[in-house]
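Each in structure tokens, the structures are laid out below.
Each of the next two complexes has chain A plus one more chain, namely chain B in the first and chain C in the second.
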Partner chain A sequence: MGSVRAEFLKLKRSLSWAVVVLLPLMAVTTGVVNTVVSDQQLGNGWHTLWLRVVVFYGLFPLALGVAALASLVWRVEHRGGNWNALMGRPVSSAQVVIAKLAVLAALAAAMQTVLLAGLVVAGKLVFALPGIPPARYLLVSVVIVLACLPVAALQSGLSMLMRSFAAPVAVALLGAVGGVLLVVTRVEGVAMVVPYGLLGRATQLGTGMFVDSGAVTTGVVAALVAAALGLTAAVVAGTATVLDRLDIR
Partner chain B sequence: MMGRAVANEFAKMRRLRVTPVVFVMVAGVLAVSCVEFTASGFVESMGDPAGKPWQRLLASMSFSVLMLSPILLAVLASRQVDIEHQGNGWLLSRTSGLAPGYLCRVKFVAAGAVVVAATVAQSGLVFAGGALVGITVVFPAGQWLGYTALLVVVNLVLFALHLLLSARVENQLLGMGVGVLGVFFAVISTGLPQWLSHFLPPWGYYELIKPVEYREDGSLVSLAPSYVSVLALGAAGGVLFLLVTRQFDRREV
Partner chain C sequence: MIITHDLGKTYGNRAVVDGLDLRVPEGCVYGFLGPNGSGKSTTMKMLLSLVRPTSGEIHIMGRPMRRSTRRELLGHIGSLIESPPAYGHLTGRENMRLVQRLLDLTDNQVTQAVRTVRLRDHLEKKVRDYSLGMKQRLGLAMALAREPRLLILDEPTNGLDPAGIEEIRRLLTKVADDGTTVMVSSHLLGEIDRTATVLGILGNGRMLFQGTRDELFARSVPDVLVDTSEPQRAAALTARWHTSRLDGATVRLSGLDDKATAGVVSLLVHEDIEIHGVRRDSQSLEDVFMDLTEERGL
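Then we have the complex of A and B:
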């Protein structure tokens, strides 16, 4: 628990809030502006608004946002003598890796919360939609946050290995492009076992886009959650093993 | 002096993993553009001028450029400058006679050449892909080359902006964040009227240089790209870059 608290303390002055707040709000703004300017109607109310905001957000920007946050939580370790201080701490490598992931999970959950809040505000104020978004979007949001975990774990590992802030983000972009191609070409089986593909698939849940049927069924949700947790465990174990073998600088 | 400094920047790039970043930039655009080959009706259109297969490929390429370039140019700029922050290279260069602003201009010349080469390679490879799959319709060389030339200008202006951001603010999150936000600006501009896209420079200009566009009825129409606007962007971007880097020259390191 001490490791997790330490990681949150390190984030205090890191500008991580900018990614957490601005990225989802830009996604909402993009969906709203394109709808208003093109003079299209939200034929299916909250569902259409969700489609216009989340489908694009899930294909590229979300993975890049998670990658930038992962670079941010490791950046401090690559500066000055912090790497040696990290290696000299009386905690296991697994604890360090899990603590970093816990911070990233919290930030991913915060991003999704901001996205939902922005969606509700836009739906109410700009489009005067009745009621609130259906509860299933809350479930889909939880699935999206869980699907962020394998990407966060993988990006955390890459940011651990690369001193550069930008290089892991470039890898994330390549991964996101691969994920998009898997989802667009409907290769669902492979998409489910590749972190970026899984994230792309999870954000299409309930939308009826690409491989999605449009229904949020127990089977699909269970498959996505199981894949997310399994991939996360595998990546965390791999990262901890690699960190165990790294030397001081 | 400039020539040796530029050669030195190329030497630095050897260990900056610039090649993989450029590979991602070129391969990403190529891969997303080539998704069009699997679109319905594309194979049937390859020998039919009315099917506009080259224009379909051009539309696909302009979309993929708009999605990928803002981030990859941010990555490339950040890579060039971050080493100076990390290794106190600004001070080293200053004591060697290269002021920070001058070093930025040198970096722009060196890495800008890479950006130009990558942009031309993207365009050439997408054309090669179209030719390889067997498009037999006459190639619209003027339209294609015009788009590539305008894309070079917009990419260079965006790269210069990111170079300045990364040099001014040590925390590279800002440059990366602006890169990701740039994708949103570019996507927003696709829905805006042309005159409004001018107010989102330089990302909105990816929309202004678009040579073809799908209309609501699904038809694909050729557009007249805004050559004057893009040239004005290039000129304004160049002047601003020089002014800001001159200010960097007077800054204490």
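Then we have the complex of A and C:
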């Protein structure tokens, strides 16, 4: 646990927080501005607002945001003698990998919280929607955060191996495009085992877009969660094995 | 403390470290010397299992050091390899707290380490704003805080001014006096000559010498210098049996032991050459080091 707590200490004064706050707020703003400018109504209240904000957010920005966060948390390790110090401690490779993922998971959860909060504020202040969003969006949010994990694990592995900040983010962009294609062309089976595809799929949960039925059923939720956890475990195991064989430069 | 057997590392088809048999006795300060690119850092990284050896074995504190066993050993080893670690966006204190959490150290251990490197007054500053010497000292504090039995330091004096170098030197002596075995590398003999009790000299990835500084001196005999009335003739005569050349008006003979020196004197006397003086050249450890590393075509 020491290594996880140490990772959280490194977040102090980190640029990561800017990504966590700005990216979801940008998504909310985009959805709101689009609605206001095109003079459309929120026919279905909270549901329509969610559609306008979250579906687009899930297609590209979210994967890129997670990738940027992964690059940011690894960037500090590529400086000076930090790699040597990181691996010169009595900590296993798996612990190093898991500690980074734990931080990314927390950041992803924070990002989703900001998104939800932004959505509620926009719904209330801009559109004067009644009540609060239905509770199922909370469940969907948890699924989205879990679906961030495989992408976070994969991007974390890439950022671990690459000193470059931008290269892993570029990979995420390609991945997101691929994921969107998978989801849009309705090859759901494949989308579920590709991290970017899974993330795209999860953000459509309950929206009725593309492959989604519009209902949040136990079956879909269970499948998404199982796929997310399974993929994450596989990527973490792979990354830890790679790190165990790596020569530190 | 450290024993390696036939340790080697090959990158591509280039042997960067080759057939190294290190012997670092417990409680010593081991000076690990070698010119740039001779493989010091690579060796130290292998000792810490940061780099996986291509061949050979490492035993530290009697236990094998491998990727699978490194965790048990690393808790007792403090290290500082190449550039100092630390996170620039955090303060010195925050960096120390990070190490403390990772290694489960007491407040007292951290305070003590910070006091040893005399960094107490700079803990609230961000490391980004530290001078190189301060970063180096913070790195040392991070390595020392776990009260290691073995300290592995790669060129800790790199980039420091003479006062900083002297300070590190004193610190190493103090740490060694407290019972920690220290292995410290440098490409300048003068920097660790006075602190190190055992020396290992590396050239092109191979061990050129390993032993005490007295043994190092003993290994190479200083030149014999002869002043005579006829230096040209004396040089020509002695050159038949010895490596001999003219150095100004002095004849310089290399590799002569005491008996051979007596032989040369009697030869010259026999040839009616007046001898004004015979003496050994004075030689610094630095010369010995240079001889050793140049001899092998470095």
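Rule of thumb we're sticking to: the second predicted complex is superposed on the first by the 249 of 249 C-alpha atoms of A that agree within 3 Å, B and C clash if a C-alpha of one lies under 4 Å from a C-alpha of the other, contacts with A are read in each partner's own complex, and residues count from 1 in each chain.
We take it that contacts are C-beta pairs under 8 Å (C-beta built on N, C-alpha and C of every residue); 3 or more make two chains touch, one makes a residue touch a chain.
What you see is a predicted model, and the numbers here were worked out from it, not measured in a lab.
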Between chain B and chain C, the one with more contact residues on chain A is chain B
Task: Check the residue A:V221 against both partner chains and state whether it touches chain B (first), chain C (second), both, or neither.
output: neither
Requested in this report: Figure out whether A:P90 sits in contact with chain B (first) or chain C (second), or with both, or with neither.
Outcome: second
Is A:L104 in contact with chain B, with chain C, with both, or with neither (first, second, both, neither)?
neither
>> Just checking: does A:L198 make contact with chain B only, chain C only, both, or neither of them? Give me first, second, both or neither.
In response: neither
Q: Quick one: classify A:D244 as touching chain B (first), chain C (second), both or neither.
A: second
With both complexes superposed on chain A, which partner does A:G80 reach: first (chain B), second (chain C), both or neither?
second
- Message: Let me test your reading of the model: by the given contact rule, A:L23 touches which partner, first (chain B), second (chain C), both or neither?
- Response: first
Residue overlap on chain A between the chain B interface and the chain C interface 14, 79
So, in the complex, the side of chain A touching chain C is made of residues 2-3, 5-6, 9-10, 12-14, 76, 79-82, 84-92, 244-245, 247-248
Counting only contacts in the complex, chain A reaches chain B at residues 14-16, 18-19, 22-23, 26-27, 29-30, 33-34, 37-38, 56, 60-61, 64-65, 68, 71-72, 75, 79, 163-167, 169-170, 173-174, 177, 180-181, 184-185
Within their complex, chain C touches chain A through residues 45, 48, 50-52, 67, 70-75, 77, 79-90, 94, 97-98, 101-104, 135, 139, 142
In the complex, the residues of chain B that touch chain A are 17, 20-21, 24, 27-28, 31-32, 35, 38, 67-68, 71-72, 74-75, 78-79, 82, 86, 171-177, 180-181, 183-184, 187-188, 190-193
